[in-house]
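Shared between the two complexes below is chain A, which pairs with chain B and chain C, respectively.
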Partner chain A sequence: MEKVLEMRQISKDYSGNKVLKGVNLSVRAGEIHALVGENGAGKSTLMNVLFGMPVIHSTGGYQGDILINGAVTEIKSPKVAMDCGIGMVHQEFMLLPNFTVAENIKLNREPLKDNPLSKIAGSSLKTVDRAKMVSDSRKALDSLGIGIDDGALVSGMPVGHMQFVEIAREIDKENLKVLVFDEPTAVLTESEADVLLDAVKRLAARGIGILFITHRLDEVFTVADSITVLRDGEQIASMARKDTTIVEIAKLMVGHTVEACERCGNKTDENTPLAISMKNFSVAMPGERVRGLNLDVRKGEIIGIGGLAGQGKIGVANGLMGMFPAQGEVLLHGEPLKLNDPLGSIQRKMAFVSEDRRGVGLLLDVSIETNIVIAAMQVWNRYLNPFLGLRMTDQKAIRAHALEMIKLFDIRCIGPGQHTRRLSGGNQQKVCIARALALDPTVLLVSEPTRGIDIGAKKLVLDFLVKLNEEQGMTIVITSSELAELRSVCDRIAIVYGGKTMGIYKPDDPDEVFGLAMAGTDPEIGRGK
Partner chain B sequence: MTMQNPLKLVGKAWAGSVDRFGYPKVIIFLFLILLSVLAIGQGQSMPGFIKDTLLRTSMIGVLTLAMVPGIVSGIGLNFGVSIGILAGLLAGCIGVEAGWKGVGGLFLTILVAIPLSTIVGMAYGWLLNKVKGDEMTVSTYIGFSMVSLMCIFWLILPFKSPTMIWAIGGKGLRNTIALDNTFGQVMDKALHLNFFGQQLPIGSLLWFGFLCLMMWLFLRTKLGVTMSAAGDNPRFAAAIGINVDRQRMLGTTLSTVLGAVGMLSYAHGYGFFQLYVGPLYMPFIPVAAILIGGATMRRVTISHVISGTILMQALLIIALPVISKLVPDGAFSEVIRIIVSNGVILYALTRSGGNK
Partner chain C sequence: MKTLKKLSLLDLVKKNSVPLLFLILGLLGWMASGQPLPMLLQEVIYRLSRNLILVLSLIVPITAGMGLNFALVIGAMAGQFGLVFIKALNMGGVGGVGMSMLFALPLAILFGIGCGAILNRAKGKEMITGLILGFFANGLYQLVLLAGVGTIIPIKNPEIVLAAGVGLRNSMELNLINYSLDRLIPFKVIINNWPVWVPIATFMLIGLIAFAIHFLQRTKLGQNFRAVGQDKHISEVAGIHVDRTRMIAMIISTVLAAWGQIIFMQNIGKMQTYFSHEQVGLFSAAAILIGGATITKANFGNAIVGTLLFHLLFIVSPLAGKNLFGDAQIGEYFRSFIAYGVIAVAIVMYAMKKARADKAESADSMVE
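On to the complex of A and B.
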């Protein structure tokens, strides 16, 4: 079969930072090709290149060649990509909610017919041929084997149906050669996902090349003919499905073997009292929903919470701190914790360093010293000085504490009065941790502690967390997308998938265990296969 | 010694002062100097200008100060301060009706204004919590509609004092109510300073200064810091257990109360109450003043209040006679006043993020 799409030696850097390193990829007509990789592996960038997205061309374009039907084509804009017959089903729906299904499918490609006015004033005044619009849409929907009413409004539809409307819109384009699915089953229920996978197979049978991006390895092994694995912008492997196993793919995805953490894992055991116990814990954090999670955090350990983006790992700490509506049963040191009460959570001696440093973690236009003490002032009435019956701030004590923290953390700044907006990411993170510590916590929740900070600061931050744990016996919960980082400091690592705990693993467990758990396959079953 | 290029030196001074004070302040200051030179050339009375500037500053100052809790608590510029102004006017009418006179009368009236403005301020704050993100547009129109609504009430409220009601017909309050027999300028009559034959209003300046000091202290209390955190970053504030809506409500209420007190301070210096559509555009004056002072939608200090009020009032007071002498046409000076005050608001709003 002919290759409908071939990408040769595609490289891309964002201001010197290489995110794609010579990736090769080819899709034949009628082939289902799966593209797998962790978050940040370069999947989205590769697709942005394929679609000529402005983000690529405004940052200097890409290197390498894209061949459509064997001819080198320069894809300068999404319009060109569409004209070449490349279609995409987006992860986030690109539909107009107050238009009908048929209107959405034919949007901007409406069949037209003449009327007297258009003969005089030009083609933009032609009448929309509604009958043809409906019949075309019907045809597209029927070919997917789905019975959606073409006259219904998109708003209020189940997400599964919206997904099919998107697909119908793409396959209605007559020149469609390659269809890209970007995490198509992420928002679907299991039965909806099955229908979708059937539809994908049906499309491939019609001779359309399918590029299927996902992190659900079991789906990959259900539908794909061939598989490409990306990691850190590199093409790690490309192979036919029949030549590989799910364990091998999982191992390739995670890939980086870390030196075993020697001091980890021996501090606690099953008999250690629990610091936090979550039962059937749910958090309605948009994009990071937690759905009925069970997890026990032992006193005095460093526990890591890992998993892919969108699976709910971020929601756990946010739910515990009352940042998003939560429900379920949570015991803190054996006593029930009142949920949805940020102040209450802090008063129970939990402190939180948010993953959203600039949004939640800092007052950007306020001095470093105020940022450090404000929470302690607010919750514990520290750094205050009575004056004429008013609780005035004690500037001297604040300054003294801030200077101490600046020295301890090596915060690079002009002085304690500098606003935090102009600090570097690493120094901002240090301010956030200093603020959390000013609350005297017994449990410290740290989310994405090293996101967007330089290597030196990364090491300092992680070392400091370990020191807090070892010297003060502080229980620390680290949520991170960087598995390697978790494996280098944590005693135990919980992998969250689909809003639930997939399992709790030791940092020195083999790579494929983490790869399988993050992809939603129980490692015991996966390895047993 | 090295010779420095004078142009370079000027450029450096310009960049330095713009960086420190912000464009509006520097440009207006230079414009003010130009006007002063013109005024001296025209032989205008400078001591008179100085006295008028200080008098206007003491009148407007408290209203400008009323902007501070609004900005600090995160509702932005309180264009709806007219609500406080109306409460102040109502309290003033009650004071005149009761025949309260002198400095004691003024403070008694202020004591009446505080509970009145607290009640409406809380209702206003509740409303602003429902329209987060659109506070400034909504508050402008709340202000307008409340002024219009009160036009009805000024006509039907049962006041009886002959100094206030229409002479003919004997019902409804007048457009302009003179305060010379009650508490007009009483603080300055009690405390003033002679300056080249001009009486400087020391009493009301002290009152303005006292309120500024109180606000300065408030911003350094736990409550003040809490309120600034809620205004600066509501999500941060919520994360450390601050009830953001309550802080916004408190800030709005405080702003409204200061609006009422500011109205009475204004009337005290002016010597009249102006009812009906009088307060319609009044909020724009303190808004312009605080923006000239260098405040942004999110950050404000007491020095912004003081410097902004003085700069703006000096500008208006010198500009009018200078321009009307240059262009001897009656209506022109009023046009200039409107252009300057609205132009400044427009300019400052386009740069609402502040100097980055």
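On to the complex of A and C.
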């Protein structure tokens, strides 16, 4: 069958930073082509290129050719993409809540009727033909085999139905040739996902080329005809489904070779007392929801929490510290922890280095020294002198402590009085850690410790965490998107998927184990296949 | 249609709690004021006819998600320019009203484009921007009429120009057009030997404008207003020109405000050159909110009921104040208190509703 879409040697850089390096991709009519890869592998950038998103064209465009039905086409805007017959089912629904299903399906493509005024004043004054709107929508919904009421409002609908409204909108476009699904099953329940996958097959059977972006590898193997793997902006492999296995794909997706961590893994065992025990723990952190997670953190270990973005790993530490509404049962050193109480969490000797360094982590227009001691002043009344019934800051003690920390962490600054806004990312992170330590924690929660900081600072921060753990026996929970980093310092690594613990793995477990776990497939089952 | 569900009385009360509250307040006020019914009726009818177009002009921007258009004041200024124009040429009667509307039209379109352009740069803060924009435009308006007239703008009519020949007088008699539309089709009802005039022609014009807005809402443009009003980003992705749509909404609102102000003045018969427009935005906004509108949803019913109730309160409160507390000032205080209060409450209620919805959403996600 002919290729409806072909992308040749697509490259894209954002101010010198190459995010796509010569990717080739082609979709035939009626083919389901899966595009898989970790976060940051370049999937979304590739789709933004295909859809002509402004973010691509305001940053210098892309290199390479896009061919639609064999003809080179320059896709300058989403409008052009739509006119070429490219449809997209977005990960975040593009639906208007107070419009009916039919109004949403026909959004900005409403069937219009002439009226006396529109003949003079132009087409924008044509009357909307509601009857035709409903009948067209009905047709699109029926062809998907779904019985949604076309007159119902979208607000309050189950997400599964919303997804179908999105798809119905795309297939209602008469010239549709390629339909892109961006993580379509991420928000669906299992049975909803099954219905969706059926609908995808049905669409392909009608001769539409399907590009299916997902990280659920089991789905890929259920529906896809061919698979392309991206990693770090490079096209690692393209193959037919029948020529590969789920394990191979998982391995290709992760693909980092890491030197084994020698000292890791032997410090603790099943008999070690627990520092934190989470049971049925849920956190309502938007975009990183935790849904009934169970996880035990052993005393004196470094445990890593990994997983793909949006799966909830970031929510765990935020929930423990009371930053977002949380519920469930949490024991800290065997005693119940009161949730949704940030002060209480700190008083129980937990300290948190937030992933949102500039938003939550630092007071940007305040000096380094104040940043380091402010939490300790507030919580433990340290660095304060009583004076006539008031508590005055003890500048001398603060300065001395700050100088000590600056030396210890090698914070590059003009002096302890410098505002933290002007520090580099790495030095800001060091200030954050210094502040957490000023709280005298027994458990340290560190999220994304090395995000956006240079290699030198990265090593210093990680080495310091290891030192804290080894010399002071501090329990450390590191949440990170960089699996390689976790594997280089952690004793155990928990992979969070769908807001739950997928499993706990050893840092020297093979690559595919992590690849499968992050993709939501139990590695044991995956390896068994 | 399946809207014919069982409507329980309690639901009905709950849904219309704001208008009901004001109805009760108004009726109590009326009883306290001791005003005779025909007199009250006459006042209510006049106020309805002269304010309704101004209030209707709020509907389109609300639908387009721009909130209460406090920049209505700027439209009113355009209307007053129109009145100055016919006054300078000494035109009167219905023809004069028509001419002033015609003259105000291009000005209002121009002002609407200006406001739209500015509000498009202040998305999400349209109301405060519009309010301040109104204050700022007031300065320009005064400058033009105080320093521009007689120097750049050749208006010489000594009846409206200050003795020095530059600048307009503080107030302007509009007796040439007073009641000219209201009594174009003379119609009065005698109640208890009291003649109650009903401005048929004005109500017909209002009906025409209401029909035009209704028609607009059923067109493609109207559909775009509603889409943009719900979510700018989604509309943009669907290929709707969001900024253009919002600008058209502003233009329509500004033109209607200009015409509304002319109709208003035509009924009053005397224009405070520098002040008549100042409260237009606030009072219209208060009226539509009392009618049960919110800053995201409004219809004709809200406009009519709200105008009726708001002005009922306006009419009775000074007398009620005088009878109850021995001082008309207290009634006066009460009614301006209500005008601002109701706007503040509407905005706070909207914010609270949004916060509640966000909270419910996060609670939902935990149960999942």
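In the analysis below, the second predicted complex is superposed on the first by the 529 of 529 C-alpha atoms of A that agree within 3 Å, B and C clash if a C-alpha of one lies under 4 Å from a C-alpha of the other, contacts with A are read in each partner's own complex, and residues count from 1 in each chain.
Please note the rule applied: a contact is a pair of C-beta atoms (placed from the backbone, for glycine too) under 8 Å apart; a residue touches a chain by one contact, two chains touch by 3 or more.
Since this is a predicted model, take the numbers as computed values, not measurements.
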Message = Using the superposition on chain A, tell me whether chain B and chain C clash or fit.
response = fit
Inquiry  = With the two complexes overlaid on chain A, check the angle at chain A between chain B and chain C, Cα centres, nearest 10°.
reply    = 40
Query = A:Ala375 contacts which: chain B (first), chain C (second), both, neither?
reply = first
Query = Should A:Arg291 be classified as contacting the first partner (chain B), the second (chain C), both, or neither?
reply = second
Which of chain B and chain C A:Thr393 touches, first, second, both or neither = first
Request  = Classify the contacts of A:Glu270 with the two partner chains as first (chain B alone), second (chain C alone), both, or neither.
outcome  = neither
Remark   = Superposed, chain B and chain C have a smallest C-alpha gap in Å of 6
Inquiry  = Using the superposition on chain A as set up above, list the residues of chain A that contact both chain B and chain C.
reply    = none
For the chain A and chain B complex, residues of the former touching the latter = 321, 323, 342-344, 346-347, 352, 354, 356, 359-366, 370, 374-375, 377-379, 381, 384, 387, 390-393, 395
Key: Residue ranges of chain A touching chain C (in the complex, touch as defined)   = 78-79, 82, 94-99, 103, 107-108, 110, 112, 115, 117-118, 123-128, 282-284, 286, 289, 291, 324-325, 327
Query = What residues of chain B sit close enough to touch chain A in their complex?
reply = 217, 220-223, 225-226, 228-229, 232-233, 235-236, 238-242, 298-299
Request  = Enumerate the contact residues on chain C facing chain A in the complex.
outcome  = 215-216, 218-224, 226-227, 230-231, 234-235, 237-240, 362-363, 365-366, 368
